[in-house]
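Each chain gets a letter, A, B, C, D, E and F, in the order it is written, and its residues are counted from 1.
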Amino acid sequence: MYQLGIVKRNFVRADRAAVDKLAGFGTATIHEAMGRVGLMQPHMRPIYAGAHLAGTAVTVLLHPGDNWMMHVAAEQLREGDVVVAACTAENTDGFFGDLLATSFRARGAKGLVIDGGCRDVKDLAAMQFPVWSRAISAKGTIKATLGSVNVRIICAGAEVNPGDVIVADDDGVVVVPAAMAMQVADAAAAREALEADKRAKLASGVLGLDMYAMRGPLEKAGLKYID
Amino acid sequence: MYQLGIVKRNFVRADRAAVDKLAGFGTATIHEAMGRVGLMQPHMRPIYAGAHLAGTAVTVLLHPGDNWMMHVAAEQLREGDVVVAACTAENTDGFFGDLLATSFRARGAKGLVIDGGCRDVKDLAAMQFPVWSRAISAKGTIKATLGSVNVRIICAGAEVNPGDVIVADDDGVVVVPAAMAMQVADAAAAREALEADKRAKLASGVLGLDMYAMRGPLEKAGLKYID
Amino acid sequence: MYQLGIVKRNFVRADRAAVDKLAGFGTATIHEAMGRVGLMQPHMRPIYAGAHLAGTAVTVLLHPGDNWMMHVAAEQLREGDVVVAACTAENTDGFFGDLLATSFRARGAKGLVIDGGCRDVKDLAAMQFPVWSRAISAKGTIKATLGSVNVRIICAGAEVNPGDVIVADDDGVVVVPAAMAMQVADAAAAREALEADKRAKLASGVLGLDMYAMRGPLEKAGLKYID
Amino acid sequence: MYQLGIVKRNFVRADRAAVDKLAGFGTATIHEAMGRVGLMQPHMRPIYAGAHLAGTAVTVLLHPGDNWMMHVAAEQLREGDVVVAACTAENTDGFFGDLLATSFRARGAKGLVIDGGCRDVKDLAAMQFPVWSRAISAKGTIKATLGSVNVRIICAGAEVNPGDVIVADDDGVVVVPAAMAMQVADAAAAREALEADKRAKLASGVLGLDMYAMRGPLEKAGLKYID
Amino acid sequence: MYQLGIVKRNFVRADRAAVDKLAGFGTATIHEAMGRVGLMQPHMRPIYAGAHLAGTAVTVLLHPGDNWMMHVAAEQLREGDVVVAACTAENTDGFFGDLLATSFRARGAKGLVIDGGCRDVKDLAAMQFPVWSRAISAKGTIKATLGSVNVRIICAGAEVNPGDVIVADDDGVVVVPAAMAMQVADAAAAREALEADKRAKLASGVLGLDMYAMRGPLEKAGLKYID
Amino acid sequence: MYQLGIVKRNFVRADRAAVDKLAGFGTATIHEAMGRVGLMQPHMRPIYAGAHLAGTAVTVLLHPGDNWMMHVAAEQLREGDVVVAACTAENTDGFFGDLLATSFRARGAKGLVIDGGCRDVKDLAAMQFPVWSRAISAKGTIKATLGSVNVRIICAGAEVNPGDVIVADDDGVVVVPAAMAMQVADAAAAREALEADKRAKLASGVLGLDMYAMRGPLEKAGLKYID
């Protein structure tokens, strides 16, 4: 449940070692390692190709067309954080630009995930400040209404609690609960270890049908080959 | 109000000096300098990264699937113009490609803004002919129905009159009325002058909360800090 | 009409010479050469800029969130094929990633067209394995339900029969029926031959109004020039 | 061009007799009578079936999530007016409900057209207060930011000036400029007079092909009948 | 593959008895009886609640904003036909209204399915002329470009051949190939016969878990009950 | 965080008296009484006009195109429950129809809220079984993959925990956490008590500008009246 008008100052951030380990995996691998959960919706896209991000969430709840809480969030940042911003209604306004990016970076932030609009994207790319957003829009915002900082939010369909690990890349954004971070990192590593072997086999022409022993189940399901 | 079947030959283009001055600012800055108005909707995207454009509008009103009026518009172009095309219904067909771009450039056009589809985008990128469009689509169009050229149009939610200044970049497209062009350019310059100082402060770790004196208003609005 | 649970092993692929000839033209030219038909809807976008593809279709019918049939399709691939995958309902899940790309390439595939989601796009770009998709999404899929391989499908609004020629570039995806492939290639060549001359004229400042003799038809349609 | 922070008190409303005459025609007929212009986009839908509206526009420019200006507009209403509200960004929040409807009706308003959300739709239907909106949403709005009243706005793709005639029905919303109101009403009447005869002929089995003499043009365009 | 500029006069319509039998089933039942294929996409909605339709398809291929071919189609209608219209690009213009409905009905048509816009919906409801469409829009169309009549079309994602059976209700639109019509009708009848018994059991409180013997498969799949 | 493959049998349902009290208020009032939070996104619409619902949530997490968990949920229902179903990806398939409604009703359910598709809507309306859904679609689903029952879900952008109060009407769907149910009901009652007086004043012609004392704040914000 959203709460408005609140800034939570203390919360447990995911273990740094776990964040660093998770940073080595793609979002697809992490999402699989968690049991196929934790992804944001695919409308969340990086503002430049090749952007990559891993850090601990400082959450922000915004109102449409109002970025006041982004300034409040800046004070709560620590080295290695990622700002994750949701909005109470679907909105594409440009809540974030190069000035806020300068401030966030100075306070330790590694990037932004926002279910809203972003602007100054050329400058942000030049700064290599990674942002995943719903839209790119030059439209400015006001500073008039209280949202919240560091409450649980729902961002692009995913629940985010302050301190959770956020990993984002060209494939999207995944959220790993702080308490599960190392366990998920381990599972991701195990999964990736298996993939190298699979990749080699597939590259040599072995079929997934055989490698995954699918022929029996397919036949049982009734698949028919015709000429 | 749209008018169909009309080509207006004479109209006042915005002052060249004002256009040149506006060309130096981003769309976000210009939109703010105008009092947060004049932006097109964010579905208007450049066909290649880094595209930039500033010029005076020659407007075109199209019907879905019909680009006849684009050829009529070509004759009305002067050095420094930008073609701005709206459609009477939402349509993604490819109204524009490399042949029209060749013609438009030969007649002095600097680029195109179209609330419809564009094709030959690889060639257009190679030509460095900038286009902002609703979609990219190979679908061809016919030449059968009269629209208009140089009437007031509504393009992607923004009113555009012939002669208005169009500035477009990675953040979107903004329209500056011809009569306000120099005044807006001055306001944009003033705004940008202030930003350098702000950026330096923020980069040094000063918070927007303090720089913009937000703590009092936030407290008055009822913001609560909890642990 | 879709058929479920079927894999067709034998069908006539378009003539290789025709495919090679078609590979030299853009999708816009080919679509025009076919009489303005055969395009997929414009939501089908390449996962990296500059992607290009021409080959013969191996078709796949998927269920939302289930990529089992992609593995079945791998076995049916021959050198020069393109996998074309449709889904029984609009779905953006990541049906395809770098492991399947490795397998498809090992079996001779030149790329993928999928009316669904794709993941591992950074890896796919590094492999230069071209994909056109509805979305990019890290979301994994299951292997539980039978679709079909090499039945007639409707992909992004276009009918695709196994063996048809698929050409895809930055402008979109076009489907050429196998039996028409050389005829369309010839028509595309004829069309392109005419364009060089047109381009030169337009570049010299000749107007389309004159080059296409449009002034009479426009006047007859009632176009009025005003000052 | 939008202007913010302004309330225009005096403007010329369309002639009452013209409004009354236009009220007798459907939006499709009026739009055709104006030369196929003046329609809002089709996402504008009535909140209950059978709603009908004709009146003179009082315009409102809103910010996303903020309905402050609706209260300002109430004071500017006269008998026979219709409130037409646009928003500076796409937004579905519930800007309007039964309390504002009660106020608007008490001040003479006949209904509302809003490119945003509406709530209390059951109550509004019971009151028979007609509304055309982009969405239905229970979400409340704040009162914090200045927009404008009675400036020219762009609402759902259509330009609306204060005093223009608004006609809305199950097919959508059409805007008739105040100065053209009687002329359009006359053209609509003429058009409708012709339709009765056409309808009778078509009902008797006469084909449009013959009634509109289309066979020649179709043949000339190359239509081929095959068996 | 679409063909433009063609009217096919002779084709085999589905057996009347099969159409009549299919008319007794809902679209969901028919789609299941066909093996879960044949449905149009869910954006196709009836223009009034309770609309129902069953008949044989006369197909029309339209261009955006152009309804010329609808008049050509009228001549090809026979008693019991349904007009099914697709468009070469996504378009919401009002291709169809009460005059065409009058003509179509006089020629024997039972209704319309159109992947485009419809207008005069109040009149059409009064006439009880059922229409399923992508949109409702007052926007008029022109008559300038050749499409086709009675070629195979793809309408809202479904393949439709002339003579196929079309059944439409509040749940959507389903297409039954002419040659399969009676077989599908029989399968639908068999399916519905089973449902009465199931409904009675479920109404008495029996669980689907038991009725469909799902407990074993769920346990095998790993479902865990926790407290 | 989603969990897959789990059915939680025991949880605390909101107090019955609080549910009954909340049933007396509209979703707009309840959402305001909670501090403007708790609403689902506005794409959630009732399948018939006038539908109303209040009950305690039994939650379901589905996969696209798979309704297996709906049967698992049926067993967990108690008198007065509402099934609330989310999907791991945006999907419009018809997960629910009259058979499941019969079963749910027999087990005590008052209705359904599903961020997916619904079918058999005519039958459901006849049964007066209220459903709010993302779409209406005849498309059937399979039973192959484990989701969960009674875990915390995110449904149409709102967090729902099992036992929460769900109220739904023509304006949308609101979620009240179980622990806050009576407090919110009291706040809603207080709010509604104030509205009767406001409504009477507005009906008599008093302006919101005066009733809410807005003139001062508007002047302070800089609003200008011009003639």
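Everything below uses one rule, namely that a contact is a pair of C-beta atoms (placed from the backbone, for glycine too) under 8 Å apart; a residue touches a chain by one contact, two chains touch by 3 or more.
Note that the structure is a prediction, hence the values are computed from the model and not measured.
Common neighbours of chain E and chain F (chains touching each): C, D. Of all chains in the assembly, those touching chain B and also chain C are A, E.
Of the chain pairs listed in B-C, B-D or B-E, the one whose interface repeats that of E-F (more than half of its contact pairs identical by residue number) is B-C. In a homomeric contact, the two copies may use the same or different surfaces; for chain A and chain B, under half of the interface residue numbers are shared, pointing to different surfaces. In terms of C-beta pairs in contact, D-E outnumbers the other of D-E and A-F. Work out the mean CA point of chain C and of chain F, and you get 42 Å between them.
If you average the CA atoms of chain A and of chain C, the two centres end up 31 Å from each other.
Residue positions of chain A touching 2 or more other chains, listed in rising order: 36, 88, 90, 92, 139, 145.
Interchain contacts (touch definition given at top) occur between A-B, A-C, A-D, A-F, B-C, B-D, B-E, C-E, C-F, D-E, D-F, E-F. On the side of chain D, the complex with chain B involves touching residues 1-4, 35-38, 41, 88, 90, 152, 154, 157-159, 175, 177, 180. Across the interface of their complex, chain B is touched by residues 5-10, 48, 68, 70-72, 74-75, 92, 94, 97-100, 102-103, 105-107, 117, 119-122, 135-140, 143, 145-146 of chain A. Per the touch definition, chain F reaches chain C in the complex via residues 63-66, 88-93, 139, 142, 144-145.
By the touch rule above, chain A contacts chain C in their complex via residues 26-28, 31-32, 36, 39, 42, 45, 49-50, 169-172, 174, 195, 198-199, 202-209, 212, 214, 218, 221-227.
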